[in-house]
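Letters A, B, C, D, E and F name the chains as they come in the text, with residue numbers starting at 1 for each one.
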């Protein structure tokens, strides 16, 4: 008996679309849609690095994350009005930046900073994992722009990178890619960031007023692995010609 | 000899589209496109008013405005990271809120606050006027939602409301609807907010290190009047059935 | 039948006095009194410009505005205690700075910043326009100090600059120079900044929950023009010998 | 051989004037001038107390202190622009409030807050002591307003209150009422707040990279006592009829 | 060949001591020492809950984390001076609070908030896991205080809770309980929070510019499990009589 | 009849211990205990001075003070969470820094900043005076570290420095070294900072809603002098070999 919203299977992702060149100014611009979750991921290249990295001949990647006030069911106060960024926002933007840095060869981009902005236009669960998946495409496009401008010679990416969520529902069922309705009930919520060749970049599993066993952990990791294979395929399609640059790397 | 970008005439607006129901959560949601300027205008209804207005039986409208960091050619630092809202942002959101309040009958919406969020996804000049034009459509849609929920009985709108910019170029030509390339060179920049029946709601004319004569003022007002008539037509089309509710009012 | 407070005519300004050399430290210091509105306008010269302007050989003018907590009928919380500057304050200080820059030849003052501080000691309406009128006198005095020190050769001012307010009362009468009692009732409030030769520098007309017609606009512009002629005369008297430096420029 | 600026004696105060009813809105308003130091002291009555004091039937006094940016020889950045109040400002406003509370019978003013704002228009040393001396007069006037409105029955003041500074110069001379030129050289700086009957309310003596002996302390206390007697006389004259209310108390 | 500092085995914890009743004011106070890492963990009981939880008859736990400025090799600027809490701090305090809530029965503590303050006196790696381990002891002691005061009837704790770190070194060795020298070189860093019966509460594994395989994950989980068994024993000893209250629960 | 808590005499200090080398990272680290008041005083050496002092060849000392949230009977909100430092904290850290600078020969430490962090672990009155007494020992140790590293040649300290409090109780008894229970009732509170040879560095005497006479002042100064002699002895013992370096100076 299937109880998931929209009759999804336990191991079924929501529909994913990745629209490239979404806005005109950024070096890489993507609108990623995962079910009803929509995030604009823009990658901007700045020709210098933060002070603590100057003179090392390598680059840096930093990410910022925000939601439009009415991306959610209830309107949220803007963080600019509150005058500070919430703990949740900081955690997410640190996660996105760290994940991207794990697959980018910072030595090959020169003293440049890549600013990745993930702005959630509409939220329905999984905004941080959609941000990582979309941001990866955006930075490949941005590096593509640098290659076309002959600012760098090769694609400084070691592998594909994507993320999804898994969780345990109150009835102890493990499921893949939680939408908001599921996320708000789940006992355990786990975000997995992986590379194209199946290595972990980040695992964050959390029981909120609950715990989980080793067996449940293994089941969740299996679901994530299954879902991420499909997501990497979507990224390849979206990247078009730039996917070839990554293929060469894999060879 | 026509010197405007895209061969526009002196009194010609850029292409305008107004997409309604752009996101699913807000009571009214619009994506307005004016040339390459794109703004998401969301109207959210909250069932209470700020403390200073409680117990008066009337409502309130407040507006917030922001740009995605890479809405512009150069990336801007987020105001949430800076921990404060800039003077420019404050000016714009005060202008949007004041303009909307001029055509809404606050006595007819009960003790409710309408939060209008104008988030610029892509900027190419005229973001504040596009915000006002789009926000007007969003609040009509939001009031439509309240009517459908039978929370209010009639459309609490006195008239259409839209805005455009006019300016004086360095060669002393007055032009309508400045895009960024023009805006950055103009000697004088003027924003006009008008109602459907041709009354002014707001005039803000500014010479930056320059001045303008009474004659130039008259010419600019004429150009604005011409452009706004076309914009009101676009709003009517976007509003669909809700335009009818406004028509009755005009009768 | 005259209904204005103090039996003022519709086109009559309040009494204006401009006391120069009000405090001893600033390069230019003025106390301007417009009816019961009193503003200290101090102009300070700093021998450098903000980072974004360095190396261009030209100067900059920046203005700040504040009210003493009890300048008004009810005490206001200090903005330093609140930890941020309000939107109203930012709008006003941006307006003052922009207006002054329109008549100053920034190329002729070298790499210097003029800080203009307008501090309202007592408020009774029209504090921003009084600030502009007083600040103009203060900067002329400050440039006079530079001339006396032989730091610059000529008065870097293109023309006189002053401001006043006009408005529309609930009974649709247009009036000049609104005091607080009038301002708080007015349907339309317009601030006009003009140069000595009758050019506009800034027009800001606002209907708060109201609108205004082209005819009303014309009437208000006429009242402002009438009032500003008298104000320019007051400035000339206050400037004493420095008025001569401006006269030469006019020749 | 007299070496003080303006040929002042070691135990001679600068000229002091106390102008009452300086602005029209506050319940008590004073401009105090001590030499070239000028401070506006406004006392505002609010008909409620802070949350932590509610329901006790007694009042509260709180003081705020600020300087106009160009009150000093070099322009200071506004604390509102910096977004926070400096340690120096906090120390001074805590001192003013504490001093005033020492002579006011808070049980006799009902659940009211007296806000005392000391705004330095021009600084030449001794701004904090001038603020205390002027603030005392301002609160007596404010309580006078309450008596005239029949909000309270008697003057809730136990005694006169005033302050002055003393110090030790590099040549080990002790002097009274330091002006800025002296203050900036002094080895030791001491502020004394006293009541009319010669009791101490506050003593703050500080050696900046220096120390002082018991003998020097005694000499400084003697100078302060001498100077304060003259200051109490100035306060009495400024208070006019309200001085009578204080006299009765002394009886 | 053993290469760890202090000749530690791969699966060997540093010395751990847990000193109870460390300061006199808190309901529960602990100094935990893990090698050279020293953290004061204080649990304070407040007899009310945050606004969003009022009226539900249950309690709340919130944690704060900070380091003394010179807890580390280089002095850090205080977060109070910077005026904001860093992303790292927020992540850690959210983690501590979430972990504690997983083993506390919030329904059994009434409408009370437990404030857990973890202040790092000296840091040598593993401050967040030491904080969780020490904070658990502190809250048990605090609940013990409530039991002694007869404010609650039974120990509202479902199980023991502790945390440790594991990681992968550049030579691909997996190790337990990283000290700073190791942590700063590790390719992968993982924090594990577990309950006494071996369930996970939180897993956070991170590759900084690196990735890890499923096999490495399994090895790290095994090391953590091994180390935590020893830590739970230390907690039991520290808890003294209160360990009995937890034992009963296990029965 | 002795009424002090713990049967202390009027002129009796609480027990004082000064533990050196309390933590391992700082150049000088001390835990001072005065009765139940415990403060960690760490002195950190930074090899540069603030911008306003560069190029003068001399050093600077700056102090920061904080309390753990539960150092007191009621938990205090962290200043980092409030986003600003309180007036009380600023006053105390300014006092500590100023006091230390009075006995240090800043010309002899080169362009270095000494950061002194006083963190109160447990508070029972007299935290600011304990901080000064402990901080003095910490900086001597830190300068000792510099001497051992041959970074400076001699101990740049002119004399011992310590502080204590005196006060007047409601029954007009003057007492030495107030603990919290006494401090909260005292009519007058006075902090005295002195050098080893009996010179004053700072006197801060305050009546909160009370005043004090010259006689009471003299009695309090006598008590402080008596107590400080004992405290200097404790410092000498704690300093061990470094006390010798100070002795030479006295010779």
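Following the convention adopted for this analysis, a residue touches a chain if its C-beta (ideal position, glycine included) is under 8 Å from a C-beta of that chain, and two chains touch if they have at least 3 such contacts.
Small disclaimer: the values here were computed from a predicted structure and weren't measured.
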Item to check | For chain B and chain C, chains touching each | outcome: none
Checklist entry - Which chains lie in contact with each of chain C and chain E? => result none
Next on the checklist: If I compare contact pairs by residue number, which of E-F, A-E or C-D overlaps with B-C on over half of them?
Outcome noted: A-E
Next on the checklist: If I superpose chain C onto chain D using their CA atoms, what angle of rotation comes out, to the nearest 5 degrees?
Outcome noted: 180
Checklist outcome for this item: If chain centres are mean C-alpha positions, then the most distant from chain B is chain F
Checklist entry - Between chain A and chain C, what's the gap in Å when you average each chain's C-alpha atoms? => result 52
Checklist entry - Where the centres are mean C-alpha positions, what is the separation of chain B from chain F, in Å? => result 60
Item to check | Euclidean distance of C-alpha centroids - chain A vs chain B, Å | outcome: 34
Item to check | For chain A, residues that touch 2 or more chains besides their own | outcome: 83-85
Next on the checklist: What's the contact topology between the chains, one of line, ring, star, complete, other?
Outcome noted: ring
Checklist entry - Starting from chain B and stepping next to chain C, in what order do the chains sit around the ring? => result B, C, D, F, E, A
Item to check | chain F to chain E touching residues, read off their complex | outcome: 23-26, 29, 36, 38, 40, 42, 44, 46, 64, 66, 68-73, 75, 78-85, 89, 115, 117, 119, 121-122
Checklist outcome for this item: In the complex, chain F touches chain D at residues 84-88, 90-91, 93-94, 98, 101-102, 106, 190, 195, 198-214, 217, 221
